[in-house]
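First the structure, then my questions, so here it is.
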Amino acid sequence: MPYNPRKFYEFRCPVHGFVKLNDWERAIVDHACFQRLRRIRQLAFTEYVYPGATHTRFEHSLGVMHTASRVYEAVCERSQKLLEEELAYDEVGLNRDKQLVRLAALLHDVGHSPFSHASEDLFPMKGNGKRYAHEEYSTAIVRTKLKDVIENHPRNANYGFRADDVAALIEGAATARQALFWRDLISGQMDADRMDYLLRDSHHAGVQYGRFDLNRIISTVVAVREPEAGTLRLGISEGGAHAAERLVLARYEMFTQIYFHKTRVAFDLHLKGALQDILPGGLFPNPADELDQYLDWDDWKVLGELKQGKGGEHGERLKTRNHYREVYHTPESPELKDMERLAAVKNALGLLVASEQSAEKSWYKTGRPDILVESEADDDKVDFLSTHFPTIGSLRSNAQVILYAKPEDAGEARRRKKAMPPQVAKQLNLDMNTGA
Amino acid sequence: MPYNPRKFYEFRCPVHGFVKLNDWERAIVDHACFQRLRRIRQLAFTEYVYPGATHTRFEHSLGVMHTASRVYEAVCERSQKLLEEELAYDEVGLNRDKQLVRLAALLHDVGHSPFSHASEDLFPMKGNGKRYAHEEYSTAIVRTKLKDVIENHPRNANYGFRADDVAALIEGAATARQALFWRDLISGQMDADRMDYLLRDSHHAGVQYGRFDLNRIISTVVAVREPEAGTLRLGISEGGAHAAERLVLARYEMFTQIYFHKTRVAFDLHLKGALQDILPGGLFPNPADELDQYLDWDDWKVLGELKQGKGGEHGERLKTRNHYREVYHTPESPELKDMERLAAVKNALGLLVASEQSAEKSWYKTGRPDILVESEADDDKVDFLSTHFPTIGSLRSNAQVILYAKPEDAGEARRRKKAMPPQVAKQLNLDMNTGA
Amino acid sequence: MPYNPRKFYEFRCPVHGFVKLNDWERAIVDHACFQRLRRIRQLAFTEYVYPGATHTRFEHSLGVMHTASRVYEAVCERSQKLLEEELAYDEVGLNRDKQLVRLAALLHDVGHSPFSHASEDLFPMKGNGKRYAHEEYSTAIVRTKLKDVIENHPRNANYGFRADDVAALIEGAATARQALFWRDLISGQMDADRMDYLLRDSHHAGVQYGRFDLNRIISTVVAVREPEAGTLRLGISEGGAHAAERLVLARYEMFTQIYFHKTRVAFDLHLKGALQDILPGGLFPNPADELDQYLDWDDWKVLGELKQGKGGEHGERLKTRNHYREVYHTPESPELKDMERLAAVKNALGLLVASEQSAEKSWYKTGRPDILVESEADDDKVDFLSTHFPTIGSLRSNAQVILYAKPEDAGEARRRKKAMPPQVAKQLNLDMNTGA
Amino acid sequence: MPYNPRKFYEFRCPVHGFVKLNDWERAIVDHACFQRLRRIRQLAFTEYVYPGATHTRFEHSLGVMHTASRVYEAVCERSQKLLEEELAYDEVGLNRDKQLVRLAALLHDVGHSPFSHASEDLFPMKGNGKRYAHEEYSTAIVRTKLKDVIENHPRNANYGFRADDVAALIEGAATARQALFWRDLISGQMDADRMDYLLRDSHHAGVQYGRFDLNRIISTVVAVREPEAGTLRLGISEGGAHAAERLVLARYEMFTQIYFHKTRVAFDLHLKGALQDILPGGLFPNPADELDQYLDWDDWKVLGELKQGKGGEHGERLKTRNHYREVYHTPESPELKDMERLAAVKNALGLLVASEQSAEKSWYKTGRPDILVESEADDDKVDFLSTHFPTIGSLRSNAQVILYAKPEDAGEARRRKKAMPPQVAKQLNLDMNTGA
């Protein structure tokens, strides 16, 4: 059957309307490894707090490809000259790499474990003593399971891509300067992944926090020269700086309101605890030589095991929604006295503290929120979003610590906390009044 | 602990913003029977076609209570006099029954089987040779499992409701004229169930079809006297007639676009097939004396069994998304010649027809879409929406029939269909041209 | 200054996000004739009923160009072969005519009179005894005022368009078979004008009625051969038939709910009455030799004159929102007996009837809502949306008639109506009950 | 005609769905003074930049009343005990003052001049050498023109309000402790005015910046004791602190993106310039003894005068959209060196600077964005949003300065700026790199 270059497929998307795929992408989506993402929830048990948030990695992965594509085209349109001069791109090359970026965006999450991030602490160790990351599962799958459908699809005759090329872009290990530039689109402060999940998580959970002006970002994104290194990076022109600011603040707001919500975090710890009981040896198979076994793990399997009571005490808590209760939390940006107070509370509660969770160790934590901004007034000037806006410059990594007790201990824990000598609390209060 | 009548709880809802509960309702929601709805998807495997539609009965049930409450208040506000005169309501009585309606709305779906409607063909038979309905599971649960939390909650001291009262309203078997009036709110052409699911399914699937003007319905809903019987019914004032029309059309559009989507229907039949293998005896436990066993069935359990390969051929098809393919369908309102053509096609395909599905037997089918409309010009005049608007009057029940073949037979089936003598097809074509 | 083919401009659009223009289109938009559309409200005094509906033709015209462009690209993508075979298009030709269609879409409304349709009854007569239409003003402006910016813009070196080409497409008088095909996009049952105004009017007024699934239309629009004539027309593939149905119903709902809203219609008649006093000779200047005078008429000028009290009694009513009151209306699809009743009411009210308005004469009335549908099963078969769906087949042109009285007479008029012999009314009632 | 306490009226609202009014409020809305707000645009000539932003004060005023009412009810529900203890409120009193707050919210903007804030620089001087404010016009209208409809409406028999009571609440001059508390709802960091306009301006302009989670604010707003003074104020409980943060950031983002948009600001200055020519003596009539003349000024009148060419050079620029061009702007939070650079640029441009506009003098500027937050952990602790969140604590008042040149001078101005010695610019650049 001859291939029709204009033939495409569409998926309904509550965020983007429709996501369009060509026949090659469709063949990849139809592959069992990708279909598995239909069985991996995007936000684990977030639906126990926000009932609408039951969506999956499948939907998200399509959205990331779609968003990456729009940003790609926008950068080409606006920064064609720079891309030509700095990266020796011509039109053919730009079209070619657009397809590569689309594939990497589509597949960057293909290696996720059941319930996404919540179970990543149970990835096995590598030889170097570090834990595998979900991206390493993604690239392993791309290089083995998906190698055939990537390399031997008739449409690839026009490109000659190897599965390695896709994996390298996901890894950020591409040696070519060209592809490296697009890495920012796959993983960075303005990557397509983040732009999609903020809008999608907000849509399904029904909140406003994660909304930002995607259209404005798209219409102001540019290639810029990094101030010191001089290398080409993804940035935003000055006219879009406030839209980028909103994107960063949206991420920050979603972290505090959803991703690090005290009850949500409790379910993450119960899920991890249950999986330790369920997984043979308490760890997932490794991506090097146990990929088939790994791919068999999906939400269906875990839910079935939980149902059968194989998740231990934590599994029981998940089944009955009988989660640990928050009994104490520090401010989001704790100061020294807050940490002292935390230590005092821990001391007072002793064994009643069933778990301690820190935002600093959350999988949803982000790096420094800096985005390059190109001045409209003076073409040579590029600086950072954080120097533009105090809102961004002042953003500190959330370092909140939450103490949990078992439900049956929560009353006693709160009583003990209340009975603590009030010095620290009072002093804190006074300081604030003075400072206000 | 003293009860604070102003204390309430809130759930985020992507459709209504927030759904508010008092402490009594909260206690019911916290009950294991209600929490089970978190493990029952609203639209079964619809997400295999519309990836965003992974939402659950839990979210929907809260929304139905919320919507019922808004309609209830609107009717009281607008038709107070009629409710007083016809049903002898006073303000205390209206407040009391509002709470009853809220509980019935909240619990009307509590008896759903895994994946909602898709598995209802596997309910066991009653003594009378008819199959149990999911409402009978709901009322059985209300009368037994939830009896305590309904009847003995401190707040019920103000009402003295029995679990039976709630169940009776769900059944529509209430003998009191008062409660009967509100039955239309739980089950009817303008019931809170439908108003919620149309908006919710549209939201998560990402379509426009099911949207209608809920605010306008709320602001025009009234109590009216049925033209002949003279009994009080829920209706709409003339100013809202077009909003009601939109509601009916929204339901009609959702049926053709989502609920009876050819691929979605295929997954329903695979789910049913798989469950026949998975369920002991191929049937669900009955609600009379096997309620505990029944309640153990939820999506988690079914997904776990599917994962273990216990679903037979159909289960395998569900796991791998390798569904039956549509090879023929009639128009949505088939005429005689269309049914003749269908017979001819079935004859030609013979054993290649793996399944035949008819919209008339779909669980999502609705009854006659008639809503009472009160004329603004003349207070005594009440008629039907279908006489008001040709759009509604012309709506016929969708009676489309779809023929499916196994994927491996689909090519051959389509070849045979193409090779059929073309007389019928041609004639059909001519007729249409003449008629146009 | 050299022209950069990639340089574009963007306008914020609450419906489409951003509307993008190239430098040529921007130059046209900057022209005084187009800027005048900022001073022409889209829906006249609709804001007196729906306070949010204050939007202008300017915003709408940009949206029509944007929508036309999306549909154009979608048809090319899906029906390229047919366009090549039937219309001898190659890629260059398609790109060329896309620019032509964009210009025609942008300019099709440039000739509107103040407050859009409401004042069109005051266009002067042509030699043939017919009234000028707003399109004739549009084409006159294109051919004279905009000739220079269209023909002599540097970018036109690539196309060689004459202002006449744009005007001909707006008129539908193009002789070329190619351009004729695209006429459906400028004026037809699925034209870009309608798609834009339904969404835009709904957005600003805050209603749901006019919403439809634009993305789905775009993803299913095709070129089809008309069943009998065999000429190529714009149509929809079967998969989008229900989206097209929704579009038609959306138009129908907006007509009854907004465009022919009884109070809105009253303000239209007051506006017309006021303009008869304000305009010299009670008519607008003609497009043949008074175009400069005509272009001076815009909302600002009319509002200024109204403010100065030059609009007579009707102008005073507009200023003080003291509109005629509806005292009687027929059903939307009146039957013979309804028209008899209307005659009787008119007779009874006599001189109290200040105005009679018929939906059949409304400027917002549409023609037969038929759209060509291409069967997916059989490539040769094309039929009409109205034969597909009873909802569409049953749609009759709204023929409601409304009688108005002056506010000071409305009480007396209603009294007289009430005092009329009830025979007709009763009979009507009986019929309906029987028919139900 | 007897008054029906349940009779109400509804206005469509694109932000809130429907806004409901009782007959008293309806009578006020029908008054000519209030209808005049239909002829006052909310955002002046913002539509010259954001074409959809043509909405009026009429729509907004209804929305403010609606929002104030929702917040009022929410505070009563959550803080009833505190309101009882501190302000001696009982249920009757709360219902009574709710009506008062609704009236004040409805009428707080009734005194606006044409095109709202843009023309306020032309209010006359008071005896004390200060300029009148638009609130003084509002209260003057309430006390005189609206006195009758407020005081003598039959429904007021239940309340006995005087027009003075409404005016006092708008002024914040109420002596009663009770009413003073609600002042925060009319004018403050979380007032109903702001909540409404952010959502409404975003809706019509089509941007995301101003959206925030109104439902979450409503569900967490409380009465709190101010830390030092101990007086009762409107605040937010800790669970809503991030929603309040979003509200403050939404306001900040709208200021930079819309209200202080460089081109929008140019049209404000042209409007002011034109009005100076149009108004007798270059000033509006005063509210003390020229209220009738003042009320005659509305957008219609100004547009009519502009159309007749009475607006001088600035009026001509408005008519032809031939605005001053930005030729230089400082950062939004300029430091010393930025102000030195500004001085240097002004020096270099000399007479080419046609206007200098500072954000600090903008009418849209806000005060310190501080909101009281009640800790959930410890009931006695109340602090400020700005100490909670670095994002808020770091917000500085926008102090951007923009220099404009006439369009015909803009080229030369930019050339001169470019020719300036680059020291300052370079130094600035270096600093930023080091700091990053």
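Should a chain be cited, it is by its letter among A, B, C and D, assigned in written order, with residues numbered from 1 in that chain.
Just so we're on the same page, a contact is a pair of C-beta atoms (placed from the backbone, for glycine too) under 8 Å apart; a residue touches a chain by one contact, two chains touch by 3 or more.
Model, not experiment: these values are computed from the prediction.
In terms of the stated touch criterion, the partners common to chain B and chain C are A, D, listed by label. Shared contact partners of chain C and chain D are A, B. With centres taken as mean Cα positions, chain C sits 46 Å from chain A.
Here the CA centre of chain A is 36 Å from the CA centre of chain B. Taking each chain's centre as the average of its CA atoms, chain A and chain D sit 38 Å apart. Of all residues in chain D, those touching 2 or more other chains are 17, 207, 216, listed in ascending order. Every residue of chain A that touches chain B in the complex is listed here, in rising order: 11-15, 17, 32, 35, 38, 47-48, 50-52, 54-56, 58-59, 62, 203-207, 298-301, 303-308, 320-321.
Of all residues in chain B, only 207-209, 211-213, 216, 227-228, 242, 245-246, 249, 252-253, 256-257, 328-329, 331-333, 370, 377-378, 381, 383-384, 386-391, 393-396, 425, 429, 432-433, 435-436 touch chain C in the complex they form.
Of all residues in chain C, those touching chain A in their complex are 6, 8, 10, 17-18, 77-78, 80, 215-216, 219.
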